[in-house]
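So the structure is just underneath, and the comments pick up after that.
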Amino acid sequence: MEKGTVELQVWHQKFLRYLACEGSPPAPGRISSRDPLHDKSSSHSPSSGASQSWFAIGIALIFSSFLKSPDKLNSETQIPLPAVNMPREAEISTNEKQFLKTALTENVRIDGRLFEQYRPLSLGFGEEFGVAEVELGKTRILAKVSAEVTVPYADRPFDGIFQIVTELSPMVSPAFEVNRPTETEVLLSRLLEKTVRRSGALDTESLCLMAGKKCWAVRVDVHVLSHDGNLVDAACVAVVAALRHFRKPDTSVEGEMVTVYTAAEREPTPLSWLHSPYCVTWSFYGEEGEMALLDASWKEEQVQVASFTVSLNRHGEVCQIAKLGGVAVDAVLLLKCTAGATVEVKRISEMVDQKLEEDAKRRDKGGLMAELRAENERES
Amino acid sequence: MLAPAKPINCPLASCLAWSACPTKKFTNCSDSELSLFRLPPSAPVTTPSTDTINRFDLYLRATSVLDSVFSHSPARNVAMPLDTSTYSMALLRVDGRRWNELRRLHAQIRTQSASDGSSYLEMGHTKVLCVVTGPTEKLASQRMASSSSSSLLDVNISIAGFSSVDRKRPSRTDKRVSEMAFTVQQSLNKAVHAAIFPNSTISISLTVLSQDGSLLASLFNAATLALVDAGIPMSDYVTACTSGSTSSYAAADDAADPLLDLNRQEEQELPFLTVATLGGSDRVCALVCESRVQVSRLEGMLAVGVDGCKQVRTLLDRVIRERGAKMIEEGAIARGDVVGAGDEMDTEED
Amino acid sequence: MATNQQQVLISPAELAYLHASLSLSPEPIRPDGRSSTQFRPLVAETDILPGTNGSARICFADGSEAIVGVKVEVEKTKPKAGAMINPEEGKEEKGDTGVEGGGGFDDDKKNYSNDWVELAVDIPGHRDDDPGTAFLGNMILEALLEDGELVKRLRINSRFHWKMYLDVLLISQPLSYPLPLLSLTTHLALLSTRLPCLISEGDEDPMFDDDWAASTNLYPPRGEKSKLSTSRPPITLLVMSVGHSILFDPTYEELAVADAVLAVSVSEEPTKPVPQDTIATPKQAKDRALRLLSIRSIDPPSRITPPGVPNGLNPATNGEVAGLQPKHAEARTAEVPATEGVWKAPRGGVSRSVLSAMVFKALEKGGVADEVLDGLQGVEMASEILE
């Protein structure tokens, strides 16, 4: 036991050194492990000596994957492998977990942030309308809005169709496969659905063109480009920003005829937007979940005992709350977290508004008249 | 035994005097039968899956007839104006309850002999069956099945097609259902002493027979009972109930009251949340809210919800103890086992 | 078969004992001491869910439990394509009935459709598109449609009908093959099904009585005046054979050594409607005429090679082991005539005489089907008395 603590202290110091160098610790990368031995080696090798560095572990991992080529395993010796053929994320090692937890009890987060501090959040828009990219630390999310005219659902003749589609591709992590929704994906899409769609942020009635016959179908595709924790908050900002940035073609209805105008004919119109909800996620640590962290990174998420996502808009309306299990957390702490979230949401909300404004200014150089004049010049 | 609800943030201090009626009335009386007469006439319906107006009309007539026939829940998919004015006058809800009154909670354990643990739970007209099998050895296919492969519990929810007023074809891929299953699994996982069962799995299969609000809460309670019946060591009961607020998100009226244990009609009209606590303490396992509500309203709703969970815990505990006593009487179980377990629980309560 | 996933966990010695005792003649010895035609005791109740039109729950003694709920909706009847093709028939409502049999009633030619009944089976741990589950559902539905009486009862008038949804839930794990359990539960649920009383007349848009107390039974109880025939819903029985013994309601252990398993669906021969002025006396088993609706054979577990059997002994691979033939050449000859005290999975078919004996035994007067129908009628009556 004592040896373990000594080891841990050495590690701790090492980490602090890394922190001082302003770099994130060169952790054993999240390697797709097709065989269970990886996990064993990653948890065992550090115990072989405190001098062993992270790099060595990484090499050991790669090495062991050479030794055990999958072809060899699949030959006639049918060893009952626990992992059938499902790639998964390498788990965080026991030592690293312990380190994270111990550091937290000393009020230190591994990336040096305060407990209630977000990672830097940046938002950018594409050339097209309705494309937004959000970076939250190393988490990157792209949201793209598209719209087309279709037939409304028979049971909702006066509403347009609005759907949010999330995709976690193998690009993010080998644990995600196309067409096989993982738990993470289901929860992410449900949270976005509840936050944005169910809370009525988009006025779906305004998407109706002709009752029961024609309506707009607005679809948001959320692509996760890289996953370093807190997908929900980042994805929510991306979805809301993309929807507010989006312009759908203008239409006119005459009798039974619906005309959709191109951008050249008529200026595209923004969606009828009612309020902007944002998610704020807290992670809990400690035996009874008494420590609350804002915006956990991927590694911190692996150690959390519970998480709590609350969606609010700047008017102080809760749109959704989700604490889906985990360790029981004191109700008062949850209320405190909600109060903290309202502050955070105001900040995010201002940031998004400002970015949208900047983008609008950038596009609208010299105003509408200048644009028209430029077009005429080209034609003549 | 039953502490009257705390009047936290509730301007209904005067109402408290009324609600401190005898505990029997408080816990076990209910809306159910009585309420049928107080419900407003059923409203028209949306959603015939047809395009002809003719059939639409017919559907309206036919279903509104069926509605009154199947009187268990007049609420439909479409929002119907809930007459909250009656509430402000008489301080009685649509089904005749007070603000802090639970519906009738009826529960049974050991309903099925083939399984390791089973339970049947009614909260008002919401009826849930739960069957627990295990612990059994984890199959190779299950080990890697999900990202939470280390999880001991495996929760499966099936909602019967006939459980709501309109028959709905059960769908395998309903994300709402898988989210509920995830919530129940993650909450109970922490309550069960999982370290005792390495490399095993306990499968909990929940069947919803009838829905009338507080669905997630009923699933929680039924699963807890069945786990207790299966003899799985847990740190305490995980109990759940819903709480709501009488004002909608738009109206910023200060006179809004929190409500306990909403039925389907109230759920469709009012903001509400589901709260699950561990052992009737103030510690919240799960908190799910899917409606818009002023953040200032949250505290009151949460307090009432947590208090409701305490009441539910008392009721569930009574069910377990009564059944245990009966089993000792019948000689199905050795006396010593139960007394030991019971004593432990008693000390916990104290 | 839904129980495929569960491997038979019975030792060779047990299998041999089961096979030997079950194939004893004249009367086989079953592990639970039942006679060959006896059903396991069951607990049944009807009308358990007020939110449905009809519901029932049955628990078998082995702990398997099923719940069936029935819901109906009014639906507009689609004019049949056949009605357009046969203009010489005169009336539009005449068309292909799509229903076989049914005797010579004059409402026989109305445009019934098998789409009016929808059935979904839910088995814990199995997807609803699992072949085993779909097969179970289709076997139950097949009997209901083949009977034809159910669809006739769903007609409101020439323009409207009731659309019936049957949801069959197995609550417990599938211990033995759940077909008889699900079928009997469906039978009871249909018997307890009530439809709102029609107050409109003729072909006008249907209007119904608001009063649930005035609702009518889909299958009117015996002795009640009705313009419909007094038939009952069909039931499906599971029959298995071992050697020359024929056993009903087999358990999980018994199925493990079965030579053949049949699902036999039977129903009563529909009788003429009871005249309006006389009240019929409850029918006795002796004047009930049974008819066969369908027979399906089901693969018993013994037909499926258990895991762990070396290829050399596996009939499916013909005793061959790829690449290892010379070494294991003697494995093929290991297949010797039956040894005393060792049971081997049956090969080849079952003789026709055994199959026909299985069907006849199910259908014979005072036989198993009669007994089961009487038993279920008892449940129905008991619940009426309780009301």
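Letters A, B and C mark the chains in the order given here, with residues in each chain numbered from 1 onward.
Everything that follows uses one rule, which is that a contact is a pair of C-beta atoms (placed from the backbone, for glycine too) under 8 Å apart; a residue touches a chain by one contact, two chains touch by 3 or more.
All of these numbers come straight from a predicted model, not from anything done at the bench.
Chain B has the C-alpha centroid lying closest to the overall centroid of all protein C-alpha atoms shown.
Chain centres were defined as the mean of their Cα atoms; on that basis the chain farthest from chain A turns out to be C.
Chain A and chain C, compared by their mean Cα positions, are separated by 51 Å.
Centroids of chain B and chain C (each the mean of its C-alpha atoms) stand 35 Å apart. The mean-CA centres of chain A and chain B are about 31 angstrom from one another, to the nearest whole unit. Of all residues in chain A, none touches two or more other chains.
Within chain B, the positions touching two or more other chains are listed as 50.
Those residues of chain C in touch with two or more other chains do not exist in this structure.
Taken in their complex, chain A has these residues touching chain B: 80-84, 86, 88-89, 154-156, 175, 182-184, 186-187, 189-190, 193-194, 198-200, 212, 288, 305-306, 308, 312, 316-332, 334-335, 338-339, 342.
Listed in rising order, the residues of chain B touching chain A in the complex are 46-51, 140-141, 143-144, 146-149, 175-176, 178-179, 182-191, 249, 273, 277-278, 281-296, 298-299, 302-303, 306. Considering their complex, residues 49-52, 55, 59, 62-65, 67, 69-71, 73-74, 76, 120, 122, 124-125, 127-129, 160, 165, 167, 169, 171-173, 175, 196, 205-210, 212, 215 of chain C touch chain B. Within the complex formed with chain C, the chain B residues making contact are 50, 52, 54-55, 57-59, 61-63, 65-66, 68-73, 112-115, 125, 127, 129, 131, 133, 156, 158, 160-167, 169-170, 172, 203, 205, 207, 209-210.
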